[in-house]
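Input: a single structure, listed below in structure tokens.
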Amino acid sequence: MDDWVQPADPAPEPRSVATRFGPDPQRLDEFARLLAGSRDPALVFGPGVDRSGGWASAVALAERLAAPVWSAPAPERAAFPEDHPHFRGVLPFAIGPLAETLSGHDTVLVVGAPVFRYYPYVPGEHLPPGTRLLHVTDDPDEIARAPVGDSLLGDPGLTLSALLDLVPQADRTPPTPRATPAAPEVTAPLSADALFAALAAHWPADGVLVQESPSNLTALRRQLRISRPASYFTMASGGLGYGLPAAVGVALAERDTGRGRPVVAVIGDGSFHYSVQALWTAARLSLPVVVVVPVNQQYAILKAFAELKKTPGVPGLDLPGLDITAIAAGYGCATEVVETPDQLGAALAAGLRANRPTVLPVPISTDVPSIL
Amino acid sequence: MDDWVQPADPAPEPRSVATRFGPDPQRLDEFARLLAGSRDPALVFGPGVDRSGGWASAVALAERLAAPVWSAPAPERAAFPEDHPHFRGVLPFAIGPLAETLSGHDTVLVVGAPVFRYYPYVPGEHLPPGTRLLHVTDDPDEIARAPVGDSLLGDPGLTLSALLDLVPQADRTPPTPRATPAAPEVTAPLSADALFAALAAHWPADGVLVQESPSNLTALRRQLRISRPASYFTMASGGLGYGLPAAVGVALAERDTGRGRPVVAVIGDGSFHYSVQALWTAARLSLPVVVVVPVNQQYAILKAFAELKKTPGVPGLDLPGLDITAIAAGYGCATEVVETPDQLGAALAAGLRANRPTVLPVPISTDVPSIL
Amino acid sequence: MDDWVQPADPAPEPRSVATRFGPDPQRLDEFARLLAGSRDPALVFGPGVDRSGGWASAVALAERLAAPVWSAPAPERAAFPEDHPHFRGVLPFAIGPLAETLSGHDTVLVVGAPVFRYYPYVPGEHLPPGTRLLHVTDDPDEIARAPVGDSLLGDPGLTLSALLDLVPQADRTPPTPRATPAAPEVTAPLSADALFAALAAHWPADGVLVQESPSNLTALRRQLRISRPASYFTMASGGLGYGLPAAVGVALAERDTGRGRPVVAVIGDGSFHYSVQALWTAARLSLPVVVVVPVNQQYAILKAFAELKKTPGVPGLDLPGLDITAIAAGYGCATEVVETPDQLGAALAAGLRANRPTVLPVPISTDVPSIL
Amino acid sequence: MDDWVQPADPAPEPRSVATRFGPDPQRLDEFARLLAGSRDPALVFGPGVDRSGGWASAVALAERLAAPVWSAPAPERAAFPEDHPHFRGVLPFAIGPLAETLSGHDTVLVVGAPVFRYYPYVPGEHLPPGTRLLHVTDDPDEIARAPVGDSLLGDPGLTLSALLDLVPQADRTPPTPRATPAAPEVTAPLSADALFAALAAHWPADGVLVQESPSNLTALRRQLRISRPASYFTMASGGLGYGLPAAVGVALAERDTGRGRPVVAVIGDGSFHYSVQALWTAARLSLPVVVVVPVNQQYAILKAFAELKKTPGVPGLDLPGLDITAIAAGYGCATEVVETPDQLGAALAAGLRANRPTVLPVPISTDVPSIL
């Protein structure tokens, strides 16, 4: 019954392989000339910019071109400092509204994103009339799928850096900064905006946000502006179940690499259960991750979708009877129900100092936000 | 934004299609002649017999041939009354031991199962020397994969029924019944055998068992004998995460069809978490399913596997710190920790009368059983 | 450099597996009752009847039901004696015309064929209004794809034979025989009909026909009626390149099995070139196959298709400058250009007595026949 | 029956997409430093160099490094002037012999090829001991499959050109030129070497060679040295049937682009038949392609393989009875059997001036060359 065979040969030496590649210089020249000659260019930066370490080049290019910057729609990473005066927000993830947002720009440069990631179908043209789209990505499949635009295949960071060598300083008034969001009213229960305004107020300087709360995402991104690289993570597209284990993994990486940044997750009370078992791993590993759970007891993004599609009253979208406190405790987490901004600040600070995960359910308003 | 299109045509009329097919009569004749002429045939019945409604024919054939009956290895259903005097138990799921078990039989008829489902690799011949294997299944892929034997393609129930028309009564002493299992000692915590002896003692007459507790499976099947069709369900092969939602689904079907049989699940404390969210569905639907959770705080089947492979001490196989009571309560279940046989009887009876799911964690011995 | 490893173990004993299966008896009963109670049933037999040795049962069922018989559309085998008084011909391979052909029959039984194989798209209902379709096949994929009808899964031959045990003799006037085709006029060059009338006149008693001449198929089947099992072969559907090597393979099988039937192929002058190399194999093996090549120097079936679709003048459909005589001789065949019926008779007789393949190009009229 | 639907929208504007990409500058620097610091580097250029227009850069790099150059094994294109003093020939397509050939070089740079394409299995190490391999390709799958070496992902031409900016001139004696092949003896029938020496002697200045004659390939490449880009085409790996239609396609492209280079194919008398129908296309298009067919009436490469594997006498490898002249004429080609060098020269010149294809069968010695 000795059925185990020793491998005869030693393992071969590890090979190293390139993990990135640069742009075709000729096509890069064309893109640079088109940008330099553009009357009013717009920039759209996507997750590939963050993955390739391209924040500094992205900022430099935006300033060189005096151009407004949007985030690509439904991004799984942040690609640009959201408190930068050029930043205009995240593009809508629907055909018609996205094109309207870009209206008036003769050239749009998209870097490190698909063209484009849409969620609800809202008819329209893919681009405003007369707008030219230039596309930079290191994913040939994204190029093959793009319905409009001319594409360049290359690492986003390398390509941005190479563009900077070719594009002259624009002589054009830079965009005016966005307004700071008005302080939301504090109600009981809290609105999503009030919750996230409180989160922003108590946000740790170098915090990492992992989120999976689709219906609250607009409020979250309105209130909490990401300003550092590699600080925002969510799923690409809309598959639920990624956020909670991702937060545990990020917290583990921050601790084990010694980088030590605090990690905060915002996970909807529906999303929370897809991979709830990840909490046990966090507890066994004594990870100080804080999980804020906005509790609206419903599958609100689908209710919002149903409203857009004029099919209200879809059954099966209510989620009552889930005792998040008991479940989180059952998997070994500290837990506290949070109802006010101050309570959130205290609980957040305590959780980030703890040697185990903390789950903070926060009852919020059950108003269903618009999907767009 | 009116982007919903009415279908132009009415739905076509539903078609009906055959869902079963019978044996080739010529091959059936050959099989019947080989069985009739066999000196000492053995019968192996598998899940396909249960799926095709073939219990009565299986019993009749066993008695006609005066032959011993085994269950196919690692079955996802029971195919024969396990308290019948001809029943010998479940075949081992390893090559060598399985062939040894069948030693001495000149013919083996396998119906409604692959040839064979193995789990640990234990070398040996697939059959004892000189043994002929006849194989009946309605799955051509099972035929293609079988390493030994001659195969007949046909619905197991139809084929058994057709065989009965062709096989004469054997003039041979029928097998002696198996011994009743000795009553296990009651310890604290309970052994797996003592737990399942108690479960058997309090088993409801027409109960349905859904199980997913691999390391305790041998003890469970030793103590609790399935005697009715469509009363035992588990995953085919060893993929975890099926048992708990399957139990909820069976309970829903029993209630909604009006058949009304009581449903008891035995789910290991590791298996429990794969699809733990199913408990919420059971609670929302007010299903009276009882989930018995043998708690040994480890991934015991892999420890048993590691011992067979002489690689003890594999890391990551302990499962401490899981508060099953809190988690089950968090999803809306009644729950009670059970420590004695009597307590199990009372809790089981109460749970089956309740209008919601009941989870019963039972601490058991942490001894690791042998995998074979 | 001794890199060849001897196999350690002897080859395992060969296994035998069932290659056919019977009908579900319950569904068979339903079909039998529906047929027995039908006012005016029609039978459609397909290639599966021939493959499963079901000609005798097919004839007996047609006579039992006093029902007309069609061949399924675009069949790769003949399934019924085409000189039988019940035989009505091959169904059209287009939706609307096929349903029109079956008009008036309350029940249609299709055995051993897909429901249905279509080629050009001609709109219409799949069945006449009020007609019920019963479908017998041993191919579950054919069942899954059928747009209409109720299906039974079973070997066509076994199922026909089992139906005969259940269906009583109908008390109904049997169909009148088809008219014999009028003798076509002999022109120069020959029309396709005149060529095939000559072929029929000189056809060897137990000849096997392999054909691949799509545009001439209607004329061929009109003039030459297949009356014995396993005597007609072509590709299923319309993929060219099968016919010539198939004829060589059939000729080899007839010789090597000792069955010794004469083999005649009819291969269009376009089809001829797809796998022209097969001629060399026939020559090397000294096979007495005769290949009749109707030469119209065009891809006529696509011209017919283009006419149906009202897109005449499609380029690339003419095939001039192909010297079939030279090419066939280059691969080792006897060859003779045939221009008259008598010449065909003599050349055919000589070719079937020869010890090598014979290719007979026959210039025919370039009129493009209708596709339907 | 009006079943054609007009497209509602005009076709979208065509998009342009990048078809090449450059190297990661950091990895390029590492490669440049390793090459600059190498004691005795070797260069292996493959088809990707030709495809990416990199001949000039390849020559410049070879001279910069004073390094010997091999062709990658079994290339489908030529990547370097084979009459250049640095060129050493084509690497053997077997593991052991290939490594032996590179013995003594501390660094091997492979550009535009897999590492490596092997045909017969001859055991050995993939590289000489202590040799480092650097690999440049634009095919990530080639990188994933390579058993040894460090890989850079980038267009071969762009990468060679970028390397030239980074690698200094080596202070090292350049390799000595290869000897000119001795003039082979002229026999009757001709040897393969004598045939190809004659072909080389009469080769048109800017001729394009398309070949598919595996057993004669070594002799062909020994006698006829490719010295210009985009002038040699064959199949990648060993799939037969590509050469003859490829030659027709190249000839069509040369004529229709106005580039007008003469095209000569060398197609073995076995390979000739795989896609023999291509000759008709060439004839219909009046293309002046010349097809030289070395006729040895056998499948010689497999005989050579059988000898390497010590399994002589494999049946089915003789190819008698193929009248290439008749077949080529049947498809509309001019044709002449060639038996002497002078006759080849005259026939080649005439064929390249003709307005149709010419096929020149040349009986050659039936000696089977070694596969390595």
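As written, the chain order gives the labels A, B, C and D, with residue 1 at the start of each chain.
By our rule, a residue touches a chain if its C-beta (ideal position, glycine included) is under 8 Å from a C-beta of that chain, and two chains touch if they have at least 3 such contacts.
Please read these numbers as outputs of a predicted model, since none were measured by experiment.
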Chain by chain, through touching neighbours only, how many steps does the shortest route from subunit B to subunit D take? 2
Using C-alpha centroids, which chain lies at the maximum separation from subunit C? A
Distance from the CA centroid of subunit B to that of subunit C, rounded to the nearest Å? 50
Take the average of all CA coordinates in subunit C, do the same for subunit D, and state the distance between these two points in whole angstrom. 46
Numbers and ranges of subunit B residues touching at least 2 other chains: none
What kind of graph do the touching chains make: line, ring, star, complete, other? ring
Would you pull the subunit C residues touching subunit B in the complex into a rising list? 12, 15-25, 27, 143-144, 146-155, 158
Along subunit A, where are the residues that touch subunit B in the complex? 1, 3-4, 121-123, 273-274, 276-277, 280, 283-284, 309-310, 321-327, 329-332
